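Two complexes follow with chain A in common, the first pairing it with chain B and the second with chain C.
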Partner chain A sequence: MYCCPTVRLFAAFVAMGFRRWSTYRLATAAGAFTNTVFGLIKASITVATVGAAGGTLAGYDAVTGATYAWVVQALVAPVNVFHWSELAQRVRDGDVAVDLARPVDPQFAYLASFLGRGAYQFLPRALPPLLTGALTTGLALPLAPLPYLLGAVSVLLAVALSFACWWIVNLTAFWVVELRGLITLYVVAMSVLSGLIIPVHWFPGWLATVADLTPFPSLLQAPVDVIMGRVEGTEALGVLAVQAGWLLGMLLLGRLVFARGAAKLVVQGG
Partner chain B sequence: MTEPIISVRDLRREFVVRSPAGRLRRTRTVVAAVDGLSFDLEAGSAVGYIGANGAGKSTTIKMLTGILVPTAGTVRTCGLEPIRRRRELARQIGVVFGQRSQLWWDLPLRESFRTLAAIHRLPTASWPARRDELVERLDLGSFMDTPVRQLSLGQRIRGEIAAALLHSPPLLILDEPTIGLDVLSKERLRVFLAEQRALHGTTLLLTTHDMDDVQRLTERIIVVDHGRCVYDGTLTGLVARVGAERVMAVDLAEPVTSLGEISGTRTVAVESDGLRHRLAFAPERTTAGAILEALGRRAQVRDLAIEEPDIEDVVRRLYLSQTRTPRSPSP
Partner chain C sequence: MRAYRVLLGSRMRSQTAYRRSFAFDILGSVGIGVVEFAEVYIIFTNVDVLGELDFAAAALLFALANVGFSVADMVVGHVDRLPAYLREGTLDAFLLRPLPVLAQLITSDISLRRLGRTGVATAVFAVALPLNDIVWTPATVTLVVVAPVTAAAIFAALFVCAAAIQFWLVEGGEFANAFTYGGAYASEYPASIYSLPMRLLFSFVVPAAFAAYLPLLVLLDLPGPAGLPQWLGWCTPLAAAVIWAVALAGWRAGLRHYTGAGS
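Now for the complex of A and B:
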């Protein structure tokens, strides 16, 4: 371990993020319950929509449509699409000074602990909706191992990308005191364009184009497509590549913005 | 001579304060929080950095640690320029920002220390020994597995100090470490800090409002007022300079309402219906012996105690003497 201190450091932050969240068992249970209830509602609406469209809609039939809804519900917590404002709070009350006074890169450290959080959420928040789905509407999932293997990579990329996006949203705190408006705007845009509410494949052409110009489909639509085997082989690798591209771009942008924000803090004070 | 561990020259830091003036306009005022400060800290020394709220203490510390850019002047900490080499510097200093925490709120100290060890890239083989030393000396053992959010203030501060010292930094900067602690906790912390200095030769820079901290922990004090150094030297020297008074408290065998005029003293208080008298005197004008002799002629002294000047009073006097004779601003 000592030969590679950077790996050790990353692992320590992942472990730290995991343990921090694992202390909130009751919150986890409540979250899993909510995910499941919303899963029931969304699966019913999806099934009804597919039925009204004549049995299939953009490649989804009743069971695959319901499965889509359930898998999205399973990923909502680990990918952490709805809320992350830890950094913004630390910027606002000045605790970010403590982060700056440490011999680590803050983005690196926060990314690692965000992944740790996702790792903790993965089983307790994903299993209840999936089990409920299997018992109510039934799930149409592939039987081969490959989609799950690629799916794991896709989910990892999605979690990291979610962090990269939230990181940028949070950094606005360097310039603006009140972030609630911006966070609401982000969540609304994310909810529509990521495929959280309905699959991106159901969008009219112009909206699909808008979605493709944002990183949001890479958060949910992409991993669900890979896991469900809707995209396979080279097509699946293409989806992963798009995710990786967004991740890299957003992380780099986040570094630039953080450097500007920190410089402002360091130069102007407070 | 070795290079000082901290070297500050003509340091200045301005802030822009905007305040509303009228409906749309804002006035823009430039305030100098630190204004022409110069001092050196030798490795191994212990210095108290004191001053009233807003005197510029925390601003100085931020510049020393590289999280604030000086408007003018130079800073070198551990031989490095803090702003450019902040991350490198962070390995060599331990900082406790009084009002901030570097622990993770929802984790126990044990986990926080593990993460900090990774942050500082401490060798896996040796850091647990250092942790155990700190746990033992700071008496953290009973709450190592309690989440930080459930700790009492005293427990948390001790945890913070341990966190700042885990990587055995040669320089420890404490920004008001004893704020809000009870007398016993303060005392334990002081004993610990003195011990760490003796054991590891840690250099200590301490900002505080607590004058006992200064008296007990430091051998040199720097007093700042409005961002300027108004005194740099020993506590005794400061007391002599402002002519602060010592107080002799005498317990008498029989109650006496007034002891009358004793040369070189003034009566501060008469307590316990005349059984205890408190007399203030300036050490350069009379001696404790002379007072005792004069007292012996007037009443029978059962017991006595001499109280050293209250340093808060000393600093207040220093501030007052500054306003009476304002120094010309440094160029």
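Now for the complex of A and C:
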């Protein structure tokens, strides 16, 4: 009995997030165009690198290397790796007090609307780069349905994990006024370690170890590996488990930090 | 001129007023430079040569492109905030003052934090330059001095082109990112790795290859891929002049198209 209203509330927030972002059609088209142009550049770089390495590099050949670049470009917008500072702005201008007064847990509500945004952006932002990839370099995607089913779960986990990480970054607004530098540092770390620019499998050993100690590979490298069928069967389930582990850990850490911040805020507000 | 000096001075003081925030900003900017170079480094841990360039040559290419782009980004990069000015109506205030609107917009926010990225690119430049086998003549010395300046001019013009388009697109401003940031990204890699149509697009429509790759061909005396003969490297100032002419014409047309925010 308790579960149903919670699920319905969550679904309502997801739908609201979807509707909110579906208003900005021109911005969506512009974003998809930019993702596609960057995809062309990145695919050229991966194909040239694989070629220079003698035709295969860490299990990627020219086509799978290009596919890697295109699938990453397709996921960049739904996973929302580049920017989310909604909560930080609300902390700064005090609107977070309204969020605290609501009878809904803020992390729960923001997670739902973040997922709604991702759901809206999934097709319009993912299809143009994938189609361009199919027409220019060709795509090497599996023919069986299972990688896509597991891939869908993996993408969902990645979107939620992206939220959980952004949530913690945003919460520093309780202690620091200007977040721009910190957000830049986060994006900098994410863009190398997630596999956004180069597959993590191409890293020299020490850097791969550093990446594995962070949640970032779970944002892009993991879902791309699952969708492309690079990891299959129990190995794929292992990847999903790692993603789920990071998600739970980051969400819990986010709750702790939020509680600390909110307590401080109440003190300040009298 | 004095008006600009006063404006710029006030901006610089305001940016450095909050020391810790400024330190974080600089650190973030250094981080961007390091990450961009890390990409080149990771590629060269796997291969010896990319698009006929070895690591030293690729590092020099990266440095030339990045010094140019980061300086352009610092001086005019903030003009891509134009949609916000359009929506909020703050551009109207600029129109009332007896100074050119573009000059006011440029001096409104010289972003000192972006010096961090310039610093990383300059360091890579200083290390990579002696590692390359360059025949030093008066001509090549001139080119190596002029190239970063023209690169900055080319990227700055691309930013102004992008801002001009915003007068029509407002919400679709990200279209322009494909050519400003996309052009900068494309210019960090040898143009020989791109397919012919892409290579021509990023040379003769968006003149990104003129910023670093073409001057590098001259410096290293490399023949250059199809469509990009080496002698084009000497035409870099011409490319910068042409793209600035396009940018200023576009900006004037955009400003004429603008009808005010009703404030």
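Rule of thumb we're sticking to: the second predicted complex is superposed on the first by the 266 of 270 C-alpha atoms of A that agree within 3 Å, B and C clash if a C-alpha of one lies under 4 Å from a C-alpha of the other, contacts with A are read in each partner's own complex, and residues count from 1 in each chain.
Criterion: contacts are C-beta pairs under 8 Å (C-beta built on N, C-alpha and C of every residue); 3 or more make two chains touch, one makes a residue touch a chain.
What you are looking at is a predicted structure, and each value in this text was computed from that prediction instead of being measured.
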Next item on the list: Answer with clash or fit: chain B and chain C placed together on chain A by superposition.
Entry: fit
Note to self: I want to verify the contact counts: of chain B and chain C, which reaches more residues of chain A?
What the structure shows: C
Checklist line | Which of chain B and chain C A:M16 touches, first, second, both or neither | finding: first
Margin query: So in the superposed three-chain picture, is A:L100 touching just chain B, just chain C, both, or none of them (first/second/both/neither)?
Written below: first
Next item on the list: Taking the C-alpha centre of chain A as the vertex, compute the angle to the C-alpha centres of chain B and chain C, in steps of 10 degrees.
Entry: 90
Next item on the list: For A:L135, select first, second, both or neither according to whether it touches chain B, chain C, the two together, or no partner.
Entry: neither
Next item on the list: In the overlay, answer first, second, both or neither for which of chain B and chain C A:A144 touches.
Entry: neither
Next item on the list: Based on the superposed arrangement, let me know which partner A:R8 touches: chain B (first), chain C (second), both, or neither?
Entry: first
Next item on the list: May I ask you to decide whether A:I198 touches chain B, chain C, both, or neither, giving the answer as first, second, both or neither?
Entry: second
Notebook entry, point to check: Minimum Cα separation, chain B versus chain C, post-superposition (Å)?
Noted result: 12
Check: Common interface residues of chain A with chain B and chain C?
Finding: 24
Notebook entry, point to check: Where on chain B is chain A touching in the complex?
Noted result: 13, 15-16, 59, 62, 65-69, 83, 86-88, 90-91, 95, 97, 100-102, 104, 106-107, 111, 114-115, 117-121, 123-124, 147
Next item on the list: Can you check the complex and tell me which residues of chain A touch chain C?
Entry: 24, 26-27, 29-31, 33-34, 36-38, 40-41, 44-45, 47-49, 52-53, 57-58, 136, 176-178, 180-185, 188-189, 191-192, 197-198, 202-204, 207
Checklist line | Residues on chain A engaged by chain B in the complex (per definition of touch) | finding: 1-2, 5, 8-9, 11-13, 15-16, 19-20, 23-24, 94-95, 97-98, 100-104, 109, 265-270
Check: Mind pulling up the chain C residues that touch chain A in the complex?
Finding: 18, 20-21, 23-29, 31-32, 34-35, 38-39, 42-43, 45-51, 113, 169, 171-175, 177-179, 182, 185-186, 189, 193-195, 198
